[in-house]
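Per-chain residue numbering starts at 1, and chain names A, B, C and D are given in the order in which the chains are listed.
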Amino acid sequence: MTARASSLAGIAVVLAIGLAVLVLTPRLFELDVVLNVTVYMIMAVLALSLGLIWGFGGILCFGQSAFFGLGAYTYAIAVMNMGESTLPLVLSVVVPAVFAALLGYFIFYGRISDVYLGVITLTVTLILFNSVNSTAGPEFHIGSARLGGFNGIPGIPALNVPFFKDWQVDLEGMFYLATASLLLVYVALRALLASRFGRVIVAIRENEGRAQLLGYDPRVYKLATFVIGAAIAGYAGCLFANWGNFVSPTIFGLAQSAQIIIWVIVGGRGTLVGPIVGCIGIQWLTAALGANAPSETAGWAALVGNVPLILGAILIGFVLLVPKGILPTLGDLAAQLTPRRAKAAR
Amino acid sequence: MSVSRRHFLQTAAATAGAAAFGAPAFAEDAILVGSLHDLSGGLDIYGKPMVDVLTFAIEEANAGGGLLGRQVKLINYDTQSNMQLYTQFAQQAALKDKVAVVHGGITSASREVIRPVLDKFKTLYFYNTQYEGGVCDRNQFDTGVTPAQTVEKLVPYAMKKWGKKVYVVAADYNYGQITSQWVKKYATENGGEVAAIDFFPLDVTNFASTISKIQAAKPDFVWSALVGGAHISFYRQWAAAGMAKSIPMASTTFGVGNEQIVLNPDECNGMLVCYNYFQGVKNPANTAFLERFHKRFGADYPNVTELAMGTYQGFQLWADAVKKAGSADRLKVIDALETGISIDAPSGKVTIDPPTHHCILDVHIAEVKDRKFDLLEDFPQQKPADTAAVCDLKKNPNDNQQYIIKF
Amino acid sequence: MSAPLIETRGLGMRFGGVQAVRDVDFVLAERELRCLIGPNGAGKSTFFKMLTGQLHPTSGTVSLRGRDISRAEPHEIARLGVGIKTQVPSVFDGLTVRENLWIAAARTNRGARIRSVVDAMLEQVGLAPVASAIVGQLAHGQRQWVELGVVLSTDPELVLLDEPAAGMTDREVARTVELVREINKTKALIVVEHDIQFIRKIASKVTVFNQGAVLVEDDVEAILHNPTVRDVYLGKKVAA
Amino acid sequence: MDLVALLAIQVLYAIASLALISVGLAIIFGMMKVINLAHGEFLMLGGYAAIEANRYGINIWIAMLVVAPLVVGAIGAIVERTIIRWLYGRMIDTMLATWGLSLFLVGLTTAVFGNTTVGLSAPLGSFEIGSYRVSAYTLFVIAVAFVTLGGVLAMLRFTRLGLVARGAMQNANMAAALGVNPNRVYSVTFAAGAALTGLAGGVLAPVSGVFPTIGVAYVAKSFITVIGGGAAIVTGTATASALFGAVNQLATYATTPVFGEVALLAAAIVLIRLLPQGITGRFFRRSL
């Protein structure tokens, strides 16, 4: 079947690029690039989690950062208490997943959908933000880990090889772990989407009523998708806490939440590579603009060196010129150039 | 494997370069100074003045022939009030630009993000903001004031002036939490009492119910450790309720974000503050500094803030140490700084306290008056007693943490 | 005798102040083919929605083989073997024809069986040539066939068809008639249709709805000659 | 007794300010289904407009009540023409575009005004309730909120413009049939929503500080209020503000501002769970 062949070819291309990044980055670039790429990979895992639940599950979650932050905080608190990172790693996936299961049950079985769902999830992440943000006092601690409020939790111990406490993952190891995680999550999601479950969630996104009239319970499928997305986001949070050895409440904030959505829109909904591309692109752009800030704060330099101004203008231009997102637009372009392949590419 | 290979390539390239152009060429490169400040996002009110002054200090240094005969170059990062970027840019500054020193970090949160990164990659770090004290790290120097230097002076002064009962409103983060404990300590030690301490996250803008709680408590004065743009609403709402006239206020945060300019005089006149630097400090160094600075940035430049002056002095201390060490090498510069280097800064004499890596400096109590500060009393050469109680880098050079000072 | 396939007792649905369906007693035997007719707004679609769980009746009960399903959710009823083709084609517009059928077939089949069901269904509804086309890009008539295929792919025991011939060409109508007969060999059907010629061709018992209630129930020819029916429905239709 | 009166004023004020910051968004979202993430920046611009106008010698009342809405309304019209116009019916895309716009406006404002802006202080002085002193401006804000909501209601109900707007939002073709250009209606509606937001920004400028990034503090709260209110613009905004404002202020009074905020958010979650279409999705259905 050509569709399957081209889809396998697509996975192969992505894997090839991923492996090339994995193998070549540390060999070709300085450590600072490696560290930057590490955080981009981690954020791309986060982008994939929303890419799944929104792009394929049709669930517009405005609070994906809630699960990301929960994962990061869970890891931080657990590892500071336990010292050994195996269980904390597991918890950083399980806690957000359980939280998502409860929240998802509340949402999907309460028939909350659409923009209302977006507001509920946004509200939840803001509650987390407000709550964690007000834990600066010394009385707020879980075990030996102080929550730190606005200041966050610094000095989070790094992951160790499971069950070998003294065998800690170093910076380069973190790069390999993050990149490999991204590739694995990508492949796992491709497999998930090719499975019966994956096809059904896409069908539910396309036409929930019809899917239900065929005997599928949309609530169950949406809930499961939501939980899977939360687990992935939580894992990304754990990696993030490891990357900077640091976590603070802004991880739950509105800006972080909106950012994840923007990665997915920019990259293209309904694709998996899109969110990755969108995420890395925006992250790179933000860092590149900030890294070249002119120190002059007056006149034209103030405009040119003004990060939000430029980033904002780029986003606006993007919506107007590339409304479908990068990946689908590239797909259309390719389809126009090679009309015969167009069908297979779908 | 990959590491050694990369190093091999670099060494090979460097050797080739040296062979072609002669090794001394490298020594003539500019000395790089990294700046990590928020120039956008919510904290830019603090970051911009700091970067302005750093730019100015470097331009001055270069106009005077540079350091060790080399030009100084500013590598300026806008961290956009984003913690993730602090990490990324600290890594870049250390690894890619290989700067000789990083000046930066505004909140304690950002400092605790930068600090381990620069420790790990062996890059000297200057933190130039007033903060809660307690950081003990041989790689870091702190040029801002800590509570023992300011709160200790301002609390008794205010109590003597207004009375013994104080109500504390503070920003809900490290600095606010710790500062309010210091206020409580000094108030009780001076025979006063703290009616209540209320904490507010940095994005709170509605203070109506707090204001009525204060009215019910009837304190002799209010202590504000509020911080940031949103908290300016407190002073506004306080004045709008007619309280500015009836209950006075003291603060060690007011003015750091130029609140005295943002607010109208009748909203904040008479408030007491205590800092290391005010534009009105009388000494020749300050007069000369202001003249040069205003020439560069215009006479209408709003105000050189406490944090900006901390940054200026931080740069000068570092520059002096580089001259003294005859090198920009990290360990040599640290050694030079640890000799207790001292400069005649616009705020007065500023000396590095070797055991704590903090500064011995003058502090002043001043009163807000018509968008400016009127100096009331000077306290020369205050030691960082709080940090000194827990930190001795002479004895334990490998100590590396932020202590929470118990008292 | 065992319970009928579908039985409603005193079924009613009220929307605010409007009684859309009132007091309907309706019985359908296994493998029966029944047509529903009635003017627009007579409550036929609401009645269908209550049979499939899309609406929960405000009074009365629906039973499927003696089991009360009045409060059941649509997917539960679907799993009991009820399939519906809605008035406006409801399909997965962003997916291909084959994927549409796959989703349906995968509900009741596993593994390689799914594919053979889909292939057979593509033949049966005549969509094999456009199997890889995106459904949203097909013509209205073709989407009707897609929906029929989707419904039949789950192999239901009761098929509800809401105006299956609407918007179809004469040839397509003829094929639909054939298909309905074919389906009726193994399954029960309820067909809502305005086209009397169509109903005549599938020749069955007819239930006439009017103003939310059952007006009369009889053979198709008898209905056509029933004066009351003429008045409320056919008469108007003819006049219109 | 003093305390009850004081608390009543504070609760009313919380409700009024919530309603003020939300009503413009309610119009833009409710009538046009545009998720305006730059809403907070519209408020911020209203504040700057009032401050700047006042600085150039314009009377403070005119600056807040006239200049602020006019300036932000004009900005809204420009934004609609250049950006939103191309995105109708694409709710998600409007979100990305207005997020970009939000960043852009923050950056632009910082570049133009710097970040040390002299603010406005509240006029009108204060009055006493027993042993408490309250800003008289608080009462003014409450009054403005009432008048604004009343005005919008009257506009929608009694004017031809309101009728046409409602028609066009429900069905663009119908408006076209009435001989009205739906694009015009969208423009005017968006500008009107922006103007009301500018008014709120101007009126609140003396209460909360004005600085480029203040918008973040407002946008989530307004959005939650609008969604909680449901389809009806005025009734929805009013009822949701009443609920959330009261919960927020009472919880704040009983505990801390953080808890007040959390209580507001929790109330929003419970509300949407109980009434998945917002308050006016269930009650006051035929209201505006």
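Methods note: contacts are C-beta pairs under 8 Å (C-beta built on N, C-alpha and C of every residue); 3 or more make two chains touch, one makes a residue touch a chain.
Remember, predicted model here, so these are calculated numbers, not experimental data.
S.K.: In terms of CA centroid distance, which chain is the most far removed from subunit D?
M.R.: C
S.K.: Taking all protein C-alpha atoms shown, work out their mean, then name the chain whose own C-alpha mean is nearest to it.
M.R.: Measuring from the global C-alpha mean, the nearest chain centre belongs to A.
S.K.: Quick one: report the Å distance separating subunit B from subunit D, using the average Cα coordinate of each chain.
M.R.: Chain centres of subunit B and subunit D, defined by C-alpha means, are spaced 38 Å apart.
S.K.: Could you work out how far the Cα centre of subunit C sits from that of subunit D, in whole Å?
M.R.: Here the centre of subunit D sits 49 Å away from the centre of subunit C.
S.K.: Centre to centre, by mean C-alpha position, how many angstrom separate subunit B and subunit C?
M.R.: Taking the average C-alpha coordinate of subunit B and of subunit C, the gap between them is 75 Å.
S.K.: Mind pulling the residue numbers of subunit B that touch at least two other chains?
M.R.: Residues 40-41, 48, 172, 199, 201.
S.K.: At least two partner chains per residue is the criterion; list those residues in subunit C.
M.R.: In subunit C, nothing touches at least two other chains.
S.K.: Where in subunit D do residues touch two or more other chains at once?
M.R.: 106-107, 110, 216, 256, 258, 261
S.K.: For each chain, which other chains does it touch, given as pairs?
M.R.: A-B, A-C, A-D, B-D
S.K.: What residues on subunit B touch subunit D, complex-wise?
M.R.: 40-42, 44-45, 48, 172, 198-201, 203-210, 212, 215-216, 229-230, 232-233, 236-237, 239-243, 246, 257-258, 261-264, 266-267, 302-303
S.K.: Note which residues of subunit D are touching subunit A in the complex, please.
M.R.: 35, 37, 83, 86-87, 90-93, 95-97, 99-108, 110-111, 216, 219-220, 223-224, 227-228, 256, 258, 261-262, 265-266, 268-269, 272-273, 276-278
S.K.: Within the complex, which stretch of subunit C touches subunit A?
M.R.: 52, 54, 73-76, 78-79, 83-84, 86, 90-96, 99, 102-104, 106-108, 132, 134, 150-151, 154
S.K.: Which residues of subunit B touch subunit A once you look at their complex with the stated criterion?
M.R.: Going by the criterion above, the answer is residues 2-3, 5-6, 35, 39-41, 48, 51-52, 54-55, 74, 76-80, 82-85, 87-89, 91-92, 94-96, 107-109, 112-113, 115-116, 171-174, 176-177, 199, 201-202, 404.
S.K.: Quick check on the complex: what are the subunit A residues that touch subunit B?
M.R.: Interface residues on subunit A, with respect to subunit B: 26-27, 30-33, 35-36, 39, 130, 133-134, 136-138, 148-152, 154-155, 172, 243-246, 248, 250, 286-287, 289-291, 293-297, 305-308.
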